[in-house]
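First subunit A sits with subunit B, and in the next complex the same chain sits with subunit C.
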Partner chain A sequence: MTELSLPSRFDGIAEKLNGPNTLGNSRAFWIAFAVGMFVMVAYPFARGSYAAGQTSLFLVYGLLALSLSLIWGYTGILSFGQVAFFGIAGYTYAIVSLNLGGVFGQTVALPIAIAVSTLSAFVLGYFMFYGGVQNVYVAILTLVVTLVLETFMAQTAGSEWAVGSVKLGGFNGIPGIRNFALGVEGASISLSGSGFYWFVLALLLGAYLGGRALVNSKYGYALVAIREDAERTAMFGYNVKRVKLAIFTFSGALAGLSGVLYSTWGNYMDPSVFTITFATIPIVWVTLGGRESLLGAIVGTIIIERLRLWFSVNASEFAIVFVGVILMTVVLVLPRGILPGIRQIYLFLNENGPRAAVDHGQTVIKARIREALQTVGIDASDPDTPSSSEVVRE
Partner chain B sequence: MSTPQDPNVREQPAVAATGSNRETILSTKGLTKKFGGLTAVDNVDFSVDEGELRCLIGPNGAGKSTLLELITGQLTPTDGEIYFDGTDLGELEPHERMDAGISVKFQSPHIYESLTVEQNLHVPLQRTSRDIEPVMERTLDRIALTEKADEPASDLSHGEKQRLEIGMAITLDPKFMILDEPVAGMSIDETGDIADLIQSLHDDGMTFLVVEHDMEFVRKISERVTVLSQGSILEQGPIEEIENDEQVRRIYLGENA
Partner chain C sequence: MTSGFGATGALTPLIIGDFLGFLDSIGVPVVQLLQIADNFAFITLAAIGLTVIFGMMGVINLAHGEFIMMGAYITTLSVNVASLPLPVAMLLGALGTAAFGAVIERTIVRRLYGRLLDSMIVTFGLGLILTQGTRIIFGNTLQSIGTPFGEVPGYTYSGYRVLLMFVAIAVLSAAYLVFTRTEFGIRARATIQDAETARAMGVDTDRMYTTTFAIGSGLAGLTGALYAPSATIVPGMGQAFLVESFVTVVTGGSTVLLGTTLAGGVLGTIDAIFSNLYGNFFGQLALLLTAIIVIRLLPDGLTGLAYRIRDKLGERQ
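This part shows the complex of A and B:
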C-alpha cells in the first residue's frame, strides 16, 4: 500500500508545484533544479564557513526579490516599498530583541518583527488599493513612503530617540544585533556561517516552492489575470482590491522575514535600507532574472549581488556603473529576463536547430538595438513591461 | 413592465410565441449620469424582461455605453436607481454585481493577451465550475476555438478575440448578459456565427442586452429594440416598427443609410 501511495502522493505535490504560471515544469527543469540545489547545499563544504556566511546575504536578498516578483511580476503592482517592510522588520527585530535580551528575546522578536512588517504592508496596501491608487502611482507612493522612513530614521541620532533601552541612532543605526538564534535559555540554537547559510537556503527553498504552489493555484490565476487586465478581472466577479491587498500583505511578510535575517546577518540596522539606491536594487534583480519567474528573481539577485561584490572589490566606485551596463545589455538581448530568455532560446533550439537560432538571434538583437537607439527614453515604449503598459493604459 | 416615457411607445407583449408573463429582471428608475455639464444619461426608466433579447441602438454619444457602465458598476449614477433580480444594485461593487448574475463583454476586446486561449477561459471558469474540463471543452467548441486552445491570445484575429471574450463572459453562466458591440469589426461569416451563438444561448434562457450598430445583425437576433438618443429613450418596440419610425429614421438610421 505504502509503495503505491508514495509515488501518487509525489504526483500530487508535483501537480501543485507545476502549472502554466511557472516557467520550469519539465522533468529536465526539475533535474537541473536538483543539481543546482545540490551545488548550493555543498557550497559551504567547498568554500568554508566564512564564505558561506558572506554568501548567505545573497540568499536573504533572494527572499526580498521573491516578494517583489510576486507582486510585480505576477500581479503587476510595481512597488518600491518592499525595502520599507524589509527595514521595518529589521528595525523591529533589533528593538525587540535587544530590549528583551537573550535568546528568548530573539525568539520573541522574530514573529513580532514579521507581524509589524505584515501589518505595515496591510495598512499601506489598504489605503492604496481601497483608496483607488493604481498603476504608476503605487510605485510613486511606495517610494515616497520608503524615503520618508529614511528621512525619519536618519534624524533619530539624539538620545531622546530610543525605544526602551535601544537607541535608534540616526545614520549610525542600531549596532549589536546578535546572530540569528531561536529557543529558550539553555535549549537554543544560534546560527552563523554555514549554519546560517543552510538555514536561509532552506527558508528560500520553502518560500520558492510555496510561491510556486501559490502562483499555480486558483489564486495565482487571479493574480495573473489582474496583472493582465484588472477591469476585465473584476468583471468576472473577482474582488480585485482584496486580492491585491492580500498579495501585497503577504509580500510584506516575506520582505519582513528577509529584513529580520538581514539584521542578524550584519548585526546592525541603519537607514541605508530605506534609501533610493536600495529601494531600486530589488527592481534590478527581478528585471534581470525575469520578472515573471520566481526562480528568475532569485537567480537575478545572486548574479547582481555577486557582481556588485566583485566590482566593488576590483573597481570600487564604478561598481554600480558596471552593473548598470550589464542590466542594459540583458534587457536589450533578453527583455523578459535571463531565465525566461534561456527558456525561449532552449525552445527555439529544440524546434529550429542551432543555425536558425543564431540567425534569428542576430536579427532580433539588431532590431532591439535599433529600437533602443530610436527611443531615447528608457523602455517607455516596451510593450513587454507590464508597468509601462499600465502607464500607457493610464 | 416597461415604463414608456414617450407616449408613442406602444406596449408590446413580451413574446407572443411563448405567451408567458415574464418577470422584469433589470429595471432603472430615473437613472441619470452627468459628466460636468454634459448629461450622458438623462432620467432613464428602462427595463428588460427575463429571457428577453434586447438590443440597444442609438447614434454615437447617445449614452449607450454610459448606461451599460452604470449597470455594471464601472460608473456610479448621479441620480436614480437600478434594480436587478429584485435587489438594488446601488451599493454593490462591480464584482458583486457579477456575482449577482450579470456578465459583460466589453466594447473593445478585453482579453488576457499574454495567456493562452485555454488559460483565458480558465480565469472565469475556476470561479463557477468545480469540474473545469468539460465546461472548457464545451465552451471552446461553442466559440469554435478548440484548435487554438494552446495559442497565446495575442495571436488571435480580431474576430477570434471577440469570440473568446464572449466565451469567457458566458462561462460565468450569467442570468443577464451584456454585450457591447459583439460583432464590431467582424466579417460577415463571423457575424453569422456570433448571431447563432447568441441565439442558442438565448434559447437556453439567457437574457441579453446587446448594444450594436450593425442593423443587419440587430434585425437577425433581436425581439425588441430600445433606441437611445441624447441620453433618453427615444423609441422602444419590435425591430420592424422601429425601423419604420419616422423619428428614429431621421435621427439614427438615416445617418447610416
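This part shows the complex of A and C:
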C-alpha cells in the first residue's frame, strides 16, 4: 500500500496493518485481498438473499475463529472455552431481548450480552492467570468449564429454570429469538438475508483489520513474546499475567459478539454450543487455516464449514469423522496450517523458480516417507544421502 | 447370568453385608461412607489412565474417554457375542485397549513429543473419530451385560459397586508396586526424570514411552471394562468420565499415584456430598470450583502440599 500515488496519511494506516506478525504485507497481497472482498460483497447479488443469509453463519463463525487465533495462535494459550463465552453471550442476548421485548430490548441486549461474556472471560482468566495456571492446565480448565455449562444448561428443562418470562428450556433451548435489529421503536433497522450478511461481513472485516493492527503493534509483539517464552518476557519487565488476562478478556468479548450474532441468525439458542464437539470445531478451523494467521483462521472456518455443510447433506454420520481426520492430518503433516504453507511455497517460487521447487519438494517428500517408514521399523535409508533429518529440518 | 464370579456370587454380598451391618452397629455412618467410597472409586478409576500418561510423559490424552469407551465395548462384545466369562472379557478389554494405545503411540503420539498442545489436539481428533466410528459400526447402543452380585443385603446398594471400591485400591496399589518396585518402574522413572541420562545409561527410552502409554491406555480400558456391567453402553459414554478425570489431574498435581489417590479422596468426598444434596450438576460444579481453588492456592496440586508437609516434618526431626 505504501505506493507513491497514495496520500501520506494512508502510509500511517498501512504501517499499522503491516508487520512481521501477519501474513501478506505485500502489495500483491492487498490487491488479492481487495479482489476477495469484492467477491464477498458481491456474493448476495449472484446467489440471492437466502443463500447470503445461510452463508452469513460462516462469517459469524469467522469472528469466533479470530478470537481463538488471537488467544491461541498469537499468545499461545489454548482455550477450549471460546465456545463457552460464545454460548453465554448468545443465551444472555436471548434472555434479555425476549424479556424486554421489541427492538429497544434487542438494542439493549447487545451490549449487555457482550458485557456478560467479557466479564465471564475476565473472571475465569483472572483465576487462571493470576493463579499461575499454565499450558495444558488452561486448556483442561476451559474445557471443564464448557462441559459443566453443558451439564447445567441441559438440566434446565423444568419450568423453575426461567429468567423473567424466558424459560431456559434444557435441551430444547430458547426459541423465538428475533432477527438482529438495532434502534428504538419507530426508528430501527432489522437485518436478515443480504442485509445481515453485509453487516456481519463489515464486522468481520473490521475485526480482522483491527486484529492485524493489534498484533502488529507493540502490544502484539508482547503477545508473541509470551507465546515464545513467557519467562523471558517477564524478565524483560512485561506483566505477563496482565497481558494474558487482557487478551483473554478481549477474545472473550469477540467470541461473545459472535455468539450474539449466532443466536439472531438461527433464532434460537440451545446447549449444543457447550458440547465437546462444538468446542473442538473452532480449534479445527484455526488449525487448518494456520493458527498464527488471522486470515488463515477465517479461511479455515469457511472451508471447514462448507465441507461440514456438504457432509451434513450427503453423509451426515461421517461429518465428525471427517473433522477428526482433518484435525489429525493437519497437525501431523502441516502443523502451521494451509495459509502459511501456501506462503512458503510462494516465497520459494519467487526466490528459486519452479524447477528448484520441484526438486526440493521431491527430496522433502522422500525424506518424510523414509522417516515415516523408520518409525514403523523399516530402515529404508540409502547410503548415498547421509542424513535425512537435515533435509527435513529445512 | 454367565458370570465368572458365579462361585463367589452368592457369597460376596453376604460377607459385605455382614461387615457393613457390623460397622453400622458400632455407629459408623455406613450409607454416607458408601457413597463417598463409590465416588472415590469412580474418580480414581476414571483418572488413573490419564494421570499415568500425563505424569509420566507429560502428554494429555484427550481421547482418554474414548479409550474407556473402547474397553467397555470390547468387554461387552466379548460377553454378548463370544459369550466369554466376565473376568476374561474384562481382561480382554484392558489388553485390547493397551494394544491400541501402543499402536497410537508408535504411529502418532511419538511425533508430537515436545509439542504438548499439538498432542492434545491430535488425541482430541482421534477421540472424535473413535466415538463416531463406533457409532457407525455398532449403532447407537449395545445391549448391556447386567450387573453381577445384586444388592448388598440391608442396603439399596449394588454389591458390584462396593467391590469396585476395593478394585480401585487394588489398581492403585498395583500401579504403585509396578512403578516403584520393578526394574521397569525404575527405568520408566529414570526416563521421565532425565531422558538423556537414562539413554546414556542404556535405557531404551523410546520403548519406555511406548510401554508407559500402553499401560495408561490399558488402565483406561480396564476402567471401561469395570464399569461396563453397570453403565449404559453408548459411543459417547467416555464423556461421563471426562470432567472427573481432568479435574483429578489438575487437583492431584504431577506425582501420579499420590496425586490421584489424594485427589480421588478429596474430590470423591466433595462430589458425594454435593451430588447427593443438589444433583449431578452441582457435584460437577463443586469439583470444578475445588480444582480452581486448589490450583489457585497450590500450584503443584495436592502432591505439592503433601511434599511441603513432609519437608516440614523432616525439618522438625
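To be clear about the criterion, the second predicted complex is superposed on the first by the 345 of 394 C-alpha atoms of A that agree within 3 Å, B and C clash if a C-alpha of one lies under 4 Å from a C-alpha of the other, contacts with A are read in each partner's own complex, and residues count from 1 in each chain.
Just so we're on the same page, a residue touches a chain if its C-beta (ideal position, glycine included) is under 8 Å from a C-beta of that chain, and two chains touch if they have at least 3 such contacts.
Not measured: the values here are computed from a predicted model.
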Which of the two partners, first being subunit B and second being subunit C, lies in contact with A:N314: first, second, both, or neither? neither
Between subunit B (first) and subunit C (second), which does A:S26 come into contact with in this model arrangement: first, second, both, or neither? neither
Between subunit B and subunit C, whom does A:T287 touch in the aligned arrangement: first, second, both, or neither? second
Touch check for A:V145: first (subunit B), second (subunit C), both, or neither? second
Between subunit B and subunit C, more extensive residue contact with subunit A: C
Is A:Q362 contacted by the first partner subunit B, the second partner subunit C, both or neither? neither
Report for A:Q344: first if it touches subunit B alone, second if subunit C alone, otherwise both or neither. neither
Of all the subunit A residues, which ones make contact with subunit B and with subunit C? none
Contact residues on subunit B for subunit A in the complex? 72, 74, 93-96, 98-99, 103-104, 106, 110-116, 119, 122-124, 126-127, 168, 172
State the interface residues of subunit C toward subunit A in the complex, per the touch definition above. 54, 60, 106-108, 110-112, 115-118, 120-122, 124-129, 131-133, 135-136, 239, 242-243, 246-247, 249-250, 279-281, 284-285, 288, 291-292, 295-296, 299
Please name which positions on subunit A make contact with subunit B in the complex. 20, 218, 221-222, 224-225, 228-229, 231-240
So, in the complex, the side of subunit A touching subunit C is made of residues 78, 127-128, 131-133, 135-137, 139-141, 143-145, 147-148, 151-152, 155, 276-277, 280, 283-284, 287, 317-318, 320-321, 323-328, 331-332, 335, 375-376
